[in-house]
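Following are the structures in question.
In what follows, chain A forms one complex with chain B and a second complex with chain C.
So, the complex of A and B:
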């Protein structure tokens, strides 16, 4: 084997190793699929307006009780019903807001569209606010410190804007809600509150 | 030019008939493959390669009432079974109406969501089936109907394995389509049955499912229910139904007594 051949082979081997190393480096540092698909979250508090791409949302009140009286049915629970009243104002097109979830600090999530839960939010034209209400049944022992996540689309939250609102739920609040026998929802209406 | 004499030509070795046959076979690919396959089959014979395959029934876990069992993120504790023609008799906020032409089969249970997200309908809806009952309506709200002429239009009945139920929250008699994480409910799995002839012992089958992606659209869900457990429970009329049966029996007895007295006066 000539010296030139040996040199060529050595360079090939070193280049191959360098390419493998570079690939590993890129794999380790580039964002994975879950990271690249994550929603754009904006944090807020009760009473603050938060932009969610298709409009602005503002959580107005959060209440709880052990039974729910709604236009659909009366529902009792051995846990708690949490009713979130919020305003959504479309910014560019006629739309509503269809996704609301409560997320606990331990990772548990309760959706406003699953089980017996209700998220009542009609559609409106740009600039005209909608009064919306969501009623979600939750276990009292897990919801201290929980927050709400509101998003334009219930089925596709990747890449999208999500408002993350601290619900200010403390042990005292939970105790008060446990002592409240009934809470009601009125559905969704148009116009400012 | 020197010729080649016959004595100089090397003679081909004359093998046996078997060696010629082997040479013939090994010279062509197809026979070679066949021989190889036969050799593999022959090699499996000592390990049961030719044993008759048994069509084994799935191994059923014997379940007990009062014990919590896991089905993915869903936990179920079965309590008791009963039947009733009108489970919400006397209720003002009625959600369930009397079964026409039959009676409801009710399996009382406690259910719990043990995961971080909802127990979906796909899991809640396929975890349980009745066994060896017969005359099951297709689902909870299928029963016989009366048309405008007063004729009975029979509701569809299906095999036990195909009979579907509704999960009803006992506290308010409202249907549960799914349950949230950490939630517990006292429920009845409510089936509908034509007629009121029930066995004294009810056999239930439970199914485990696999959480996997759909081969069509890639969406994840609980799929492929597989029979996994069997539970037997005493089956009797509910307390309210038994009271109705007792009252009906007393009325029939009083009527029979009246008839008897009338008969005695006429012929006596």
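So, the complex of A and C:
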């Protein structure tokens, strides 16, 4: 075997090992699928405006009670109704905000569109706010420390912006809501408040 | 004794290297086909530009369950000016939301009375690229006409089937050309720069205002 052939083989072997090593390194350090699919979360508080790609959202008030009076129906619950009033202002196009969920610290989630829950938020035009309300039925024992997640698209939250709003729910707040017999909700209203 | 000179690495792999570039282009094209399949046709991307006062033609071939057909609209944007709150189908004057105003787009439309053009969409764009669409449901159903570009009393057919065509004939044919005002609810600070008009995306008319 000539010296040149030996050198070529040695370089090939070293290169192959380096490529395997690089692959191993990339596999170990690149984000996994769950991480790469995660939404872009922006944290905020009640009263704060948060950007959600298609506009800005601001949670205005959070209230609770044991029965809900809405334009559609009156509904009692053995748990709690939480009513979130929020404003959405589109920035670039005529659109609405279709996803609102409450997430408890233990990972349980309740969507504004499932079961008897309501999330009435139609569309608005760029620069014109729309006043929206969501009513979500939740078990009282899990919602202390819960937050709301508001997103432009209900069906595709991967890669998208999500506003994560601390709802400031304490044991005292839950006790107060348990003692509130009725809360009401209305449909969405276009225009500044 | 004969001395043989081995060809260099680049020479030995020349075909591989030559084919590398087209292979890369093909891989990129194959990956980008998803953009065409899923996103390109979902919204307006292909403008046909014109100016206020000049007629502009939009022609397209439509594939429907009843068959493939062509439809064309010749559109002239006559102007955009301050508008009034429209009267709903129940005769009530629509409330103007706080922070909003009404604009009115004056259109002149020429189209075959048998062509289903009621699916048309109209929007305004400002200098910053903000797009305000005509949305008949925004203030509640029945507040605004469902279609912004056909007369409410003679809207013409909604498809090419015999049933839809005869239904339109009973209602009375849509005029071959007519003027129509489109009420647009916009934010108070919105200043229209262009009128957009389309039937099926991605092709649309983009008319600059004077």
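Criterion: the second predicted complex is superposed on the first by the 171 of 193 C-alpha atoms of A that agree within 3 Å, B and C clash if a C-alpha of one lies under 4 Å from a C-alpha of the other, contacts with A are read in each partner's own complex, and residues count from 1 in each chain.
As a convention for this text, a residue touches a chain if its C-beta (ideal position, glycine included) is under 8 Å from a C-beta of that chain, and two chains touch if they have at least 3 such contacts.
Since we're looking at a predicted model, the values are computed, not measured.
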_Following the superposition defined at the top, how do chain B and chain C come out on chain A, clash or fit?_
fit
*For chain A, which side has the bigger count of touched residues, chain B or chain C?*
B
*With the two structures laid over each other on chain A, which partner does A:38 touch: chain B (first), chain C (second), both, or neither?*
neither
*Pick one for A:178: touches chain B only (first), chain C only (second), both, or neither.*
neither
*May I ask for the angle at the C-alpha centre of chain A between those of chain B and chain C, rounded to a multiple of 10 degrees?*
90
*asked:* With the superposition applied, I'd like the minimum CA-CA separation between chain B and chain C in Å.
replied: 15
_Identify the residues of chain A that lie in both the chain B contact region and the chain C contact region._
none
*Which residues of chain C touch chain A in the complex?*
97-100, 123, 129-133, 135, 137-139, 185-190
*What does chain A use to touch chain C in their complex?*
91-94, 122-129, 189-193
*asked:* Per the contact definition, I'd like the list of chain B residues that touch chain A in the complex.
replied: 93, 116-118, 169, 171-172, 174, 176-186
*If you look only at chain A, which of its residues touch chain B in the complex?*
73-79, 106-111, 114-117, 136-139, 141-142
